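Listed below are the structures to be examined.
In the two complexes that follow, chain A is the common piece, with chain B as its partner first and chain C second.
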Partner chain A sequence: MMGRMLLRRLAPLLACIGLLVVWQVAALAINNDSFPTAIGAIRAVPDILGDKESLINILASLRRMAIGFGTAVAISIPLGLLMGRSRVVASFFNPLLMVIYPVPKAALMPIIMLWLGVGDLSKTLVIFLGVSLPVIYHSFEGAKAVEEKMLWSAAAMGLSATQRLVRIVLPAALPEILTGCRTGLVLALITMITSEMIARQSGAGNILFNALDMGQYDTVFAMIIIVGAMGIGLDAAFERIRARLVRWSEPQFDIPLSFS
Partner chain B sequence: MIEIDHVSQVFQTSARQDHLALSDISLAIEDGAFVSILGPSGCGKSTLLYIVGGFVNPTRGTARMKGKAITGPGPDRGPVFQEFALFPWKSVLGNVMYGPRQQGVRPTEAEAQSRALIEMVGLKGFENFYPKELSGGMKQRVALARTLAYHPEVLLMDEPFGALDAHTRTRLQNDLLNIWERDRKTVLFVTHSVEEAVFLSDKVVMMTRSPGRIRQIIDIDLPRPRRRDELLLDPRYQKYVVDIERMFDDGAEGGSQP
Partner chain C sequence: MSRAATSDILIGLIPIVLSIAVWQGIVSFGYAPPTLLPPPTLVFARLAQQLMTDTFQQDILATLFRLFAGFAIAVVLGIGIGLAAAASPTINALVRPIVRVLAPLPKVALYPALLLLLGFGHGSKITLVAADALFPILLSTYYGASTVEQKLVWSALAAGTPRHQTLFKVVLPAAMPSILTGCRIGLVISCIVVFLAEMITSTDGLGHVLVTAARTFQAVDMFVPLITISLLGLILNGALEALRSYLLRGFPEA
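Moving on to the complex of A and B:
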């Protein structure tokens, strides 16, 4: 039993080590300049994190991501909940979202840049768009699935329609909403990098693609490691908050999907 | 006093056809009476309850409570559903306190009242459990306590024990009777179980299969307080059950004709 538990806790770490070993062996076997070894890439990580310029770039990325994600969540959750509870709102917004959903948000970047320039606003807007749709969709589904009788019970206690939306639909749909936010968080990271790839000016994506242009492949892969680590770190932090908020709905067993 | 005055209900089916669920129902329920609405599934008996609750507006006719037309839900009519409909993000105590808090009762007072109610429904020690950690019978006890907590004048019970196993059901029936015999609230109780209706009620309203009409109203003249073991041996109880079952058998054959 003890051994199993230990294995379960260490499994994510072992998976990462396994990946690095495969990488190392493959790089040594291929022996190509554009494919550095895992050790080479890891060695370049402290150089990036120790460089003030790079740190400012990465922090600028994270700031845009936080603003984009935050505003997207703040607007998408109420919109999704309203759509889930009102047929009129749903039939108005659903076609719009159906059109926007399959469009890769980064593909809009050149047009947005034309309108809003290459600065923070364009990049933040792209992140906002990337995060919005999964959050709206999951909030919508969560609100739609709220048991009618639960709302009736609340109505009998004297809760108004608005109170029911905030105090019954929102908490009842919270597990589903947070699933959407988690997807949104990963998408925020992806759109953050792609937006910086297209509008090079600052940010983590800028470091990555500049290094690529200059043939500094160690730095390229080190940046990929850093972005990956940021993804894991953000996801783990979010998962921790999520688990705390929806403890009341969790099944007793869960597959460890993250490092939390 | 609740008056149901020539109420009919038409639903649109998914095939966009009109379906008459309730047809011209008129019924008066006196204060303090325990009235069961008994009928086969699909006879619209729950719909009738939802109309009294104000959750569903009747297509024709009106329902009145103390002379005033019912236009929406209100704390004077407290529902208890077969599906429990507890707030899963709230503990047992949080669920029971919800109504009183909504009504502006001070937190300490609401908590004291709620704890007493939780004890009354036999769940002392489970105050901090979440609904998912409770069995079906326990959930329905919480739901009952949650509704009693805001002191509705009428309890609207929609097949409340329908999802429970036989043993749990009889225990909850007994407990409900004990609680009811203390303060004699008006109860409107929907069920498809003849025994349950006879055991609990002063009056049984028998409904026909779709479209739901009132077939007959039977006064259950059995002494209170009722005890299950005594009642099961009582020939009068047995006669009520058998008579009602026979009437349904006749009705079912008649109703199944195309």
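Moving on to the complex of A and C:
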């Protein structure tokens, strides 16, 4: 029993190692200059993290991501909850969101750059746009599924509409909201990389694509490892928080369900 | 169509009309120079004009080809692996940790690697689209298939269906609503990713049109591909919705 638990815990780690081994073997088999081995790429990781300038760049990326993600969550959750509870609000915003959804947010970057410049503001705004849609959508779905009886009881006990939204709808929709936030977190990372790739000025995406242009393949693959590790690490950290916040809800899937 | 639905559509049109009006207003009252924000009339006229030209149609076709190729691969692999993982504990144990690691990985970061391995042609873009669209489809297939009511499978077995056929005759149809939800998410992602891939490196496609316009600071031409991809997304979404209501015609209100 203990062994099985341990195996479960270690499974993702084993998968990581397995993938790296596959990479190593493939690289040795192909034996191409532009495709370094896994070991070669991992060796380049400390060089990048040790370099002060790239470290500052990566941290600046993370800062933009945190700000964009934070504001997006703060605005999207109330909006989504309102949409879920009010039919008028829902039909007001739904078509607009449907039109915006298939537009790649990072593709707005060139236009936003024209207006706001290449600085932090444009990149944070793009991240904000990318994160908000899934969070709105999941909050909406979560709020729609709240049991009416609970709201009636709350109304009978004299809670005002705002109080009901905060004390009944928000906790009841929390599992779904957090699913949306988790999707948003990965999207924030993706948008961060692409926005920096388009506005080549600073950040992790800049390092990655500059290395590609200059043919420093070790750096390219090392950056892929770093960005990938950021994604997996952030996701795992978020999962911890989620499990703690919604401990009362039914045990959910340990893998994210929607990845938009 | 019922009256409530009609009024819903009308309410929904308000913000779209309003934002276009505000857009026009900003330009008309001179808050933004037309070089930065061209008036909507100009943009839509340009869109109509571009849609008639051969080169733009070629770009749309190139984008659509990559989108569909990648999406199709993702659908086949996603449903296949998802069903297999739900049906067999061994495959499940193997697939689950790999998915757990790969799903939160930002796939765009893999694009440089794909470029180096597969070259600058269709291959790398299609692979990126497939890699990004795969996981939502795989996960929702797995979710749908593993929550199929056991009674349905038992009844089928009792009625004499061979065990290996229950997968296609019972589990797959029962998981269909969930699978289609995954496909819908995957489709939107495909739209987004194909555009991004074309923006990074390409010689044709809608993303390339945007980048070329951005390099020459043609604001009007920057809006055209963006509106086009949004329209494409809406049309594809509508088509998938129609397919959904056809496939799920026997389901109670799915």
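Note that the second predicted complex is superposed on the first by the 251 of 260 C-alpha atoms of A that agree within 3 Å, B and C clash if a C-alpha of one lies under 4 Å from a C-alpha of the other, contacts with A are read in each partner's own complex, and residues count from 1 in each chain.
Note that in this section a residue touches a chain if its C-beta (ideal position, glycine included) is under 8 Å from a C-beta of that chain, and two chains touch if they have at least 3 such contacts.
Keep in mind it's a predicted model, so treat the numbers as computed, not measured.
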Touched partner set for A:Pro171, first chain B, second chain C, both or neither: first
Residue contacts on chain A - larger count, chain B or chain C: C
Which of chain B and chain C A:Thr194 touches, first, second, both or neither: second
Which of chain B and chain C A:Ala237 touches, first, second, both or neither: neither
Partner chain in contact with A:Pro110 - chain B first, chain C second, else both or neither: second
Partner chain(s) touched by A:Ser153 [first = chain B, second = chain C, both, neither]: first
Which superposed partner A:Ile75 touches (first chain B, second chain C, both, neither): neither
Partner chain in contact with A:Ile42 - chain B first, chain C second, else both or neither: neither
First (chain B), second (chain C), both or neither touched by A:Val118: neither
Those residues of chain A which chain B touches in one complex and chain C touches in the other: none
Chain C to chain A touching residues, read off their complex: 7-9, 11-16, 19, 32, 36-37, 93, 96-110, 112-113, 115-117, 135-136, 139-140, 143, 182, 185, 188-189, 191-193, 195-196, 199-200, 207, 210-211, 213-214, 217, 219, 222-223, 225-226, 229-230, 232-234, 236-237
Chain A to chain B touching residues, read off their complex: 147, 149-150, 152-159, 168, 171-172, 174, 246-249
Footprint of chain A on chain B - complex, ascending: 50, 53-55, 72-75, 77-79, 81, 83, 85-90, 98-99, 102-103, 130-132, 146-147, 150, 152
Chain C contact footprint on chain A (complex, rising order): 11-12, 14-16, 18-19, 30, 34-35, 87-88, 91-96, 98-108, 110-111, 114-115, 186, 189-190, 193-194, 197-198, 208-209, 211-212, 217, 220-221, 223-224, 227-228, 231-232, 234-235, 253-260
